[in-house]
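Below you'll find the structure, written out as structure tokens, and then a few comments.
Read from first to last, the chains carry the letters A, B and C; within each, the first residue is number 1.
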């Protein structure tokens, strides 16, 4: 009996060692830059102060990244209750595991301004043609994809790619594009990490004078992620723009640089992730703790109710 | 003889293991929000440039946290030579050890503006009613304590609470309150850490256009902590407001994230602490290294003279 | 035979242990503050957007640190293809190893404004007279070196000095001086670290409304460091001024605080270094990722071509 158990353990161990290589995948994403009407405040209201805003103030015509099915056959469905889905700002969440190759097929469908666009990815490894950053006379077609044209970026998720990362336009239109929301995020797990029960993307930026989370301002406009006691909840926190922020989640703490924290500075293009095992019910603020940013909309709620059926 | 020594060692070890639990305490703090006349520059003068300021520029009527004895019987004494005492800005230093329960009895005595106030604590663990953050229709009485009313926040110092942490008003008056100085700090040691010989609280914020440390601007207005060679000196560095800072202490270095540093970025609601074993005499600047902040008052002196009688 | 090998190993080990002390040096640097005509954009052109600037906008009369041979006999040569050389902004790169004593002989040759100047060094250890920070009535002659006068700063590179560090004027003229470029950097290796094949100094600051790297704005004005596949390339990143930045290097990642990053926040007087083993050809952007800073010039190129003859 003991021999059998030992043999099983050895086999399981061997499989675990081999599995990573065996499972490495090529993952295809079909993403286009498309025109969109974007409302920074669908409710038109800050629920904390009661202040209201008009659609003149909150709605913009812009260009965002959207995910499509293979060969851009059709628009990938939105999941409005999830964060980092396919709603527009941020663009589609690109997921992979260390060891994977990611091929991002990009098409520029900017019929709003007819400007060139590109994609530049943080965290992953690639050859120079997939850098996506415009340098006149030096960079290739991937740095300046003209309206109606396509380009495929080839990205390797090496060990150093583990984490949450931003991607964004880095063409000559980079600044206009970032103001308009042409950015998104990636989430790359190691080969052996468990998928979290919940994965929340919090992308700090600013649009039309509002300080935004995922392109929206003030709670109930910004995402309201949910969880149950016992859930493993992963937070991916990212930023782009011209401002430094401090991410704060009420009632929870996590490790950073050998210390426990519940606030962490994040500047443009920085990103970090952390996991909590949920242990306390409540309607918890998550927000940027820079006062002026908070007052300009950079706040949301995180709702924890009930107990997960199968807690770890 | 050897047996005896061994037995003693074992007993000592057992006691050490048991002691943490045995010593865990409930610590009570009685803190009120009270009106105060606060002078940002008691000396009226920047000793570096010789520039002077009038009381019109430096004195404000405001509301601060003050510590009281049990049941608010009387005002807790000030120790004007200490940092983070009961002077007003920052509010009283709340001290505890991991394992402790902290009960903060808060009373709103704001007779200046008659506004609601609250306390929101970083670092510690608590149930939702002790969060202290105002959400209309959701949060309870602890998030909006009306003038004349009281509320008791119940906080657990778990292992993740070790460190220095800010607390502050998070009621609907949060922004007005922070501008006025309604914030303070906590210092939580592990169960076995030695108390430092000196503990210096450096709280960065801004008031009336001055960039302040503990509510004051320019050296000899900001605190002038003292130490002797051989002292263990702990620095608790905190920030609130809308600005990112870089804390710098002249002539000394400490560890952060596996590297030695003598400057560290700190944004609103972030905090960190470090210890030095004092080894060099001098009148050392400590300041924010953001030039514009330094020029607006965010500087102080730290005086090291003589040798501690019993150095570690 | 085995005995011989063992003996050799033991001797090698003993030598390694003793060597650090044996090799510790006193390193002398002769540095003066001298007038200079500094052009923030020698090409007058941003190669990304094609925008041009006039010399009225980009040239300033200022005071910089320059290195001299012993006793200021003659101006130390410039190496215009190297970063952190003796070009002016930043000042000369001071190099040492842990255990060394560094004597910086400073002379104030400011004939432009005839102002006092000083040098204040981060990272290293020193007695109070070598602090270089002006406190009226307290600090000594090293904090306020008058035009025509000299002062020698005595600095110890203790274990905590390992890294890249800024130095700068901390006299009463500090703010004017920093605006004008009176700052430089140090690079201190441990006793056993290998010299990198390439060492790139990236010093973020701002001058005349431009956001600068090493005193220059926009690629081909800022340094264009070069490397080959297989090279060990060290990046020293530093900042001074009133702004927080986020350093980003395209196509490469490094470790920070237990995570892989390709962007890192750096505030005034902060500094960090990292090494990469070069593995990918390209013309890679390095830049501050704060959008407004990037648009104001804080960008450069890093060129990787070919293979090192003798890769590690």
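Just so it is clear, contacts are C-beta pairs under 8 Å (C-beta built on N, C-alpha and C of every residue); 3 or more make two chains touch, one makes a residue touch a chain.
Computed from a predicted model, the values in this text were never measured in an experiment.
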Indicate which of the five shapes (line, ring, star, complete, other) describes how the chains touch one another.
-> complete
Cα-superposition angle relating the copies chain C and chain A, to nearest 5° = 120
Cα centre of chain A to Cα centre of chain B, whole Å, reads 35
Could you tell me which residues belong to chain B and also touch two or more other chains?
-> 244, 257-258, 265
In the complex, go through chain C and note every residue touching chain A.
-> 47-50, 219, 244-246, 248, 250-251, 253, 257-265, 280-285, 289-295, 301
Chain B residues touching chain A in their complex are 120, 122-123, 125-128, 131, 133-136, 138-139, 159-163, 172, 175, 178, 240-244, 256-258, 265-272
